[in-house]
Amino acid sequence: MLLEVKGLCVNYGRIEAIRDISFTVEEGEIVTLIGANGAGKTTTMKTVSGLRPVRAGSVVFNGQDITHLPSHERPVLGISQSPEGRGCFVGMTVMENLDMGTYARPDRKSKAVKDDLERVFELFPRLKERSNQAAGSMSGGEQQMLAMGRALMAKPKLLLLDEPSMGLAPKLIQQIFDIVTEINSQGTTVLLVEQNAAQALKRSHRAYILETGEIVREGTGKDLADDPAVKAAYLGGDV
Amino acid sequence: GDTTTPAASGGAAACGNYKIGMFGALTGPNANLGIYIQNGVNLALDDYNKKHADCKVTLENYDSQGDPTQAPALAKKAIDDKKVVGIVGPAFSGESKAADPAFNEAGLVTITPSATNPKLADNGWKTFFRALGNDATQGPAAAKYIKDTLKSTKTFVIDDASEYGKGLADIVRQDLGSQVVGNDTIQQKQTDFSASVTKVTSSGADALFFGGYSPEAAPMIKQLRDAGWKGTFVVADGVKDQSFIDNAKEAAEGTIITCPCVPPDVAPAFQAAYKAKYNEDPNTYSGEGYDSATILLDGIAAGKDRASMVDFVKAYDKKGVTKQLKFDAKGESADIKVFAYKVENGKIVSVGEIK
Amino acid sequence: MPEPTQPTTGDEVTEINPDADIAPVDIGVPDVAEGEKLLEVDEVTLRFGGVVALNEVSFHINKGEILGLIGPNGAGKTTCFNVMTGVYQPTSGAVRYLGKPLGKRKKFQITKLGIARTFQNIRLFANMTALENVLVGVDAHHSTGVVSAMFRLPKHRREEAQGFARAMELLTFMGLDGKANELARNLPYGDQRRLEIARALATSPQLLCLDEPAAGFNPAEKVKLMELIRTIRDQGYTVLLIEHDMKLVMGVTDRIVVLEFGRKIAEGSPAEIRDNPAVIAAYLGVDEEDAS
Amino acid sequence: MSTTTSAPAGRKPSSRSFKERVDTMPRAVKIVLWVVFAVFLFLLPLLNIPFITTEGSDFGGVLFTVATYVLVALGLNIVVGYAGLLDLGYVGFYAVGAYTVGVLTSEHAHLSWVLVVPIAIVVAMVSGVILGAPTLRVRGDYLAIVTLGFGEIVRLTLVNSQWLGGAQGISDIPKPPGVELFKVPSLDWSAGVPVVDLSTTSTFLKFGINDFVPYYWLALGIIGLVLLFDILVKSSRVGRAWEATREDEDAAELMGVPTFRFKLLAFALGAAIGGLSGALFATKAGFISPDSFQLLLSILFLAAVVVGGAGNRWGVIVGAIVVGYFPERFRDFADFRVLVFGLALMLLAIFRPQGLLPPRRTVRAKRADDRQAVLEEGEASA
Amino acid sequence: MQNLIDNFFSYTITGLTIGAVYALIALGYTLVYGVLRLINFAHSEVFMYGTFAALWVVMILGGHPGAGVGQVIFWVAMMFVAAMAMSGLIAVLLERVAYRPLRKRNAPPLIALISAIGASFVLAEIMGLRSRIVGWVGLDDTLRDYVRNSRNNAGLPTIIQPQPIFTIGGYHVTNVDIFVIVGAIVIMVILDQFVKRSRLGRGIRAVAMDPEAAALMGVNRDRVIQVTFLVGGVMAGAAAVFYMLKIGITRYDAGFILGVKAFTAAVLGGIGNLRGALLGGFVLGLAENYGSAVVGSQWKDVVAFVLLVLILLFRPTGLLGESLGKARA
């Protein structure tokens, strides 16, 4: 088991953003969290990457209890997140942003980094084209690509993707999901949050549904996608 | 000593519990100058209180740190204390200008043992008295020394833009006339004088007169010497302070200091008493401080209060340790001497009166 | 015990009030008849160093329509907004509004002429209340200065009263009237998006430009947004919409302009665009329909 | 006075509970309370209340100083608190106001005080525009250093221009014409209980050289007017435009706010109030020199605004009182007073990071954050 | 003007020496600004402590004029060690006491400026009251020479006797001039390399732009900030040594004016930009000297600030623009 979240509670002030949620991610899986706006998906992701302090419960990664580990020590363990709202370093160039992805890599000086860079450029040719443009002046979708590319540069064991398709053109959304499937098949475990539930469920091994801070259902991607109740609530008129 | 006053020795009942004030820099960069004066004042008080053990006069300190902006508030404080019948000070010209109008309005007499700017006496302040010569004599004396003794033909003049420094330097400039080869103005608290140094060295001056105080004089001469300038550094009473030598170190050697203050050996009795108390020779304006305080104390002994003190001081005419203490209509001292001093082996030694 | 500052349970959905009268007030610009050209982008080119963000783009917007602006990421859609609102000056070409070129007008002057916008990344005045945010928009056409405020001159009183009424009307329309005194930054994401629209409407624009208003919305919310956009148009506004959600774009627009690499590659009705092979290749992707 | 009339129009100071309590009072009671408070403020220098009254320095003078700080803080609050422009050279405007008075009443002309003060305000305002017009295009912290430079340029120009009195300054600035209506006695507490002391009085309004109380009264009245002005302007379109500009300049511009004009307006108004304060200072001091306008003073002014709570006029008043009064109060610490003051600033910053009376926006936003912090700390310690 | 032309090299060289000091101090402002977007107002005091450390170590070692080369080198080396250690320590302490608690409380940047101002007062006053403070522990007699007149100047004996090395345009360039200018540049090059090699530059910029995202990349914010303060402090320590060798006198409030100048230099070059600080320092030093030559020393600071305003009007983010080592890190 790569990631095990048990009885997690996280607050914003008095607001309980998530209440007692538990889930697991096995090595090699794609696991999706879906849920309405404000259900607590982002909060869950931030807690796994250490940006939000935990009120109760535990987070175990690769057998190590990381509940209270500072966020900056987690990338070293192999957790990397592409945050919601992108979080690019707007004043840095594209290249420098990608460079930041390798900040915590022990092998950051090795050739492997160059290969990974090539790989990211292959996935997102636009980034290569614009490698010297300031991230802040990139279009919304381009920044989204950059955020994902940067997370990939960390070569994580567990990749956290928070709404990677937000703001992307339909064609690119397809590509993003293809990329997710591909890197997963190459051995990276993925925890995914998506509004684009239909696509996400199709691509993932398992999924959890969050509602107002609690997990209300879980199952394989296919089971949930076929479930009429889920369909009605989350897949509705989705493209 | 002088005559004890029959009138005021009327016992405790008539005792006014009077105070005199000491107004000047007791802390801050120019504290030494204030403390030298304060020492003199304290000595005068000791003398008085020994004689009037039943009705002692105490000293109230108004520490301006030499900062004119603090002066008005301090003056107000002194004025509000009704026990204060006279002030020794303000010590510096700048703070005098700021504080004296209030003293004048309140009718509280001030005798300055050290503020030398000539213009101070031109304001028509009834309460202003100066127990020493002003820069209208010190300036020409300095110029004379530069011309006659140093035989300088090319002199550079720098001032610090202060009431005192600029006033004095301007007088020196006027007196030196065409032999002034360059002028510059610096700021108080400035530490880097590289531009001035270049100006002085490139002017070929063989003497430099600086009107200002020791915190600026010390780094200035140090940097000049570092740049290889060999001329004579001439300064005035504002730099006659041990801290100048402590900080300029070797660079201070040979500096000429003018001062309307008497050398310690002019008044041996005072020198001995001072030495007994403070374990060192009287320093800049200690004697003047002693004399100024003595005038006020004599007034107290004569039964004067704040209101009547002005006339008492105006009419005063006695020999003090530094000179005959007598003031003209503007409050200026009638008896004026300017002395030259020189820094030798880390000490300021007198080289005689400039006549 | 202090009360909770914000009602942020996920299931609370803000309902709009389509009945509220939010019709634009007269802002002293000439009126254009329904269906006539309101704004015209004419051969506009914009370069950033080597990047050609817009390449001789031309299209126009008619009064009273909802025009969709779509295209792949980085195609130049937001840049187009920026040129229309005075953030950037075109390298060549011109934007004509009401028949006259915008020229070198400043941003605020263009707003006063009647073009308003929302932002792809929400940019509210985070530390002002919802009401104050909208009032800033309303103020665009007010002229009270220090003197009239200081003496509370009649002009000031009149403007304040009218402004307040209009701002509340707009908040009511958006279903935000209950949150008028909440700080913008404390509002849930969806409400922030709506508040941005309210603030833009407050300037009484002839043309309202929305930049990906549905980003991050779930399908249910997207449907509501569609309603909202229609209602806005029905109240007398012209709308230019950037959006990647095809369902929404196809469902609400009258006409669509497609950009790619800074060039216009297609223009037409939603149906035409849906079947345009160039658009499919560049933007929609082939297996798009069988996704759900 | 105006303080009383202004009260109902503005937001009340202090915490919510206090505000609530005040709000629920009948209007008549409120008015009476405000009147009592105003009277108390006017009598403060004569009440000689133990502990509050400074021992080391004249209390009337201290109160006057505090009042000028309050005035300055109100002006600077427009610039820093409302419009969000970091100004480190505010003392420059203060100096311009003071020197206008000095030059026109003593150094080069002998105009009447009543005429000169409005001129000083206008000159300061113009200097604000002159400084602002080119520099307000510079953003953020760059503006801080540019304004700091301005303050120093003003001071150094004063030092080096003989026409402006040079380093020696300008003295004999005349007093304002007084009206001498009545005498107000003071209280004497030396017996432990207050006794009316008829021998120590202040004359309303006789501007002498050794009684600072009338100057304080004058300043207090002016503060009331400025406060009223502040309340009226802030709660108008102008105030909203400032806030919007501070929050997001580009977005504000795109919502139709001519941000540059409003920043300039804030600068000019702030400068005018600073100039007014400087004019008062010069009037009371009777003597001004460039030393009175050191950079340090700009920093203290800024400290007053920030410590009090930039953006909240009541907060900055409290801040000004802290910064103006405490160093005097700390005179007991003699040499250590600056040290103690520095420590106090640090402690205030650490324990009241949003200022003593933060503006409403911060209060609200902070409340949520604080509770969060408490919960998180509880967790960490558990 | 004629004076400037006649003595151009003299003004240039002396301008460069003081400029070197500005530049080194400016680095501290720029580095801290780079991470915290904050004017570290107390940095001037960090520098001032360095000047005293440099002075005291010479006093302890009995430094005096006219010593042999070996001894002089030893003294100067010890000055560097002492000043850099002292300034580095004070800077780190400052961060711990005045900034970190605020960061933990999410304080707005302006209040951090106030805390910095408070800290600046405290540090300066402690130095200005050192005689009193050591008096409490009864050490005032023992330490007499170190604490005497604590509000007045404290002078360093001339341990390096300035010797003209070569003459250029009539100005005798001395060993001290060369040492200061070359030394400062060497130190900056070392720093530049250090920032580049150590990832510190990237970490600083990342933290400045988006602390959360930086944490996600594995950047330890507290550490980056602390190292930044340390490095800035050490640079100020180096500046302090050069200052003492050149000016020779310090005081408890010596930091203030220099701090303002150095901050100006940092902004002039483009705050947050290391090379900008270097350039800004030199430009400012030269401008001041040239200005003094042309319009008189009393206008020196006015020249400096007018120049600053002019440059910012035409280059609103300084000569080299913002952002720490953008092209390199």
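Per-chain numbering from 1; labels A, B, C, D and E assigned in written order.
The rule we apply is simple: a contact is a pair of C-beta atoms (placed from the backbone, for glycine too) under 8 Å apart; a residue touches a chain by one contact, two chains touch by 3 or more.
Every value quoted in this text rests on a predicted model; they were computed, and no experiment measured them.
Visitor: Work out which chains are contact partners of both chain B and chain D.
Guide: For chain B paired with chain D, the chains in contact with each are E, in label order.
Visitor: Could you tell me the least number of steps, going only between chains that touch, from chain A to chain B?
Guide: The least step count works out to 2.
Visitor: Determine, using the mean of C-alpha atoms as each chain's centre, which chain is farthest from chain E.
Guide: Farthest from chain E by mean C-alpha position: C.
Visitor: Return the chain pair with more inter-chain C-beta contacts, choosing between A-E and A-C.
Guide: Pair with the higher count of C-beta contacts: A-C.
Visitor: From chain D, which chain is the farthest off, judged by mean CA positions?
Guide: A
Visitor: Need the CA-centroid distance for the pair chain B / chain C, whole Å please.
Guide: 76
Visitor: Nearest whole angstrom, what separates the Cα centre of chain A from the Cα centre of chain C?
Guide: Spacing between the chain centres: roughly 30 Å.
Visitor: So, what's the distance in Å between the C-alpha centres of chain E and chain B?
Guide: Averaging C-alpha atoms per chain gives centres 37 Å apart.
Visitor: Quick one: report the Å distance separating chain C from chain D, using the average Cα coordinate of each chain.
Guide: Chain centres of chain C and chain D, defined by C-alpha means, are spaced 42 Å apart.
Visitor: Would you mind listing the residues of chain B that make contact with two or more other chains?
Guide: 27, 161, 185, 187
Visitor: Enumerate the residues of chain A that touch no fewer than two other chains.
Guide: 13-14
Visitor: Please set out, as single numbers or ranges, the residues of chain D touching at least two other chains.
Guide: Only 156, 159-160, 335, 368-369, 371 qualify.
Visitor: With touch defined as at the start, can you tell me which chain A residues reach chain C in the complex?
Guide: 13-15, 35-40, 85, 126, 130, 133, 137-142, 144-145, 163, 166-174, 195, 198-199, 211-213, 234-239
Visitor: So in the complex, the part of chain C that touches chain D is made up of which residues?
Guide: That would be residues 2, 5-6, 85, 87, 106-108, 111-112, 116-117, 119, 123-128, 132, 135-137, 139-142, 144-146, 149-150, 152, 156, 159-160, 163, 183, 185-186, 199-200, 202-203 of chain C.
Visitor: Over in the complex, which chain D residues touch chain C? Could you list them?
Guide: Interface residues on the chain D side: 229, 232-233, 235-238, 240-241, 243-244, 247-248, 250-259, 265, 269, 361-362, 364-365, 367-368, 371.
Visitor: For the complex, give me every residue of chain B touching chain D.
Guide: Against chain D, the touching part of chain B is residues 27, 67-69, 72-73, 76-77, 79-80, 94, 97-98, 101-102, 105-106, 161-163, 166-167, 185, 187.
Visitor: Mind listing the chain D positions that touch chain E in their complex?
Guide: Touch list, chain D to chain E: 80, 86, 134-135, 137-139, 141-142, 144-146, 148-150, 152-153, 156-157, 159-160, 295, 299, 302-303, 306-307, 310, 335-336, 338-339, 341-350, 353-355, 369, 373.
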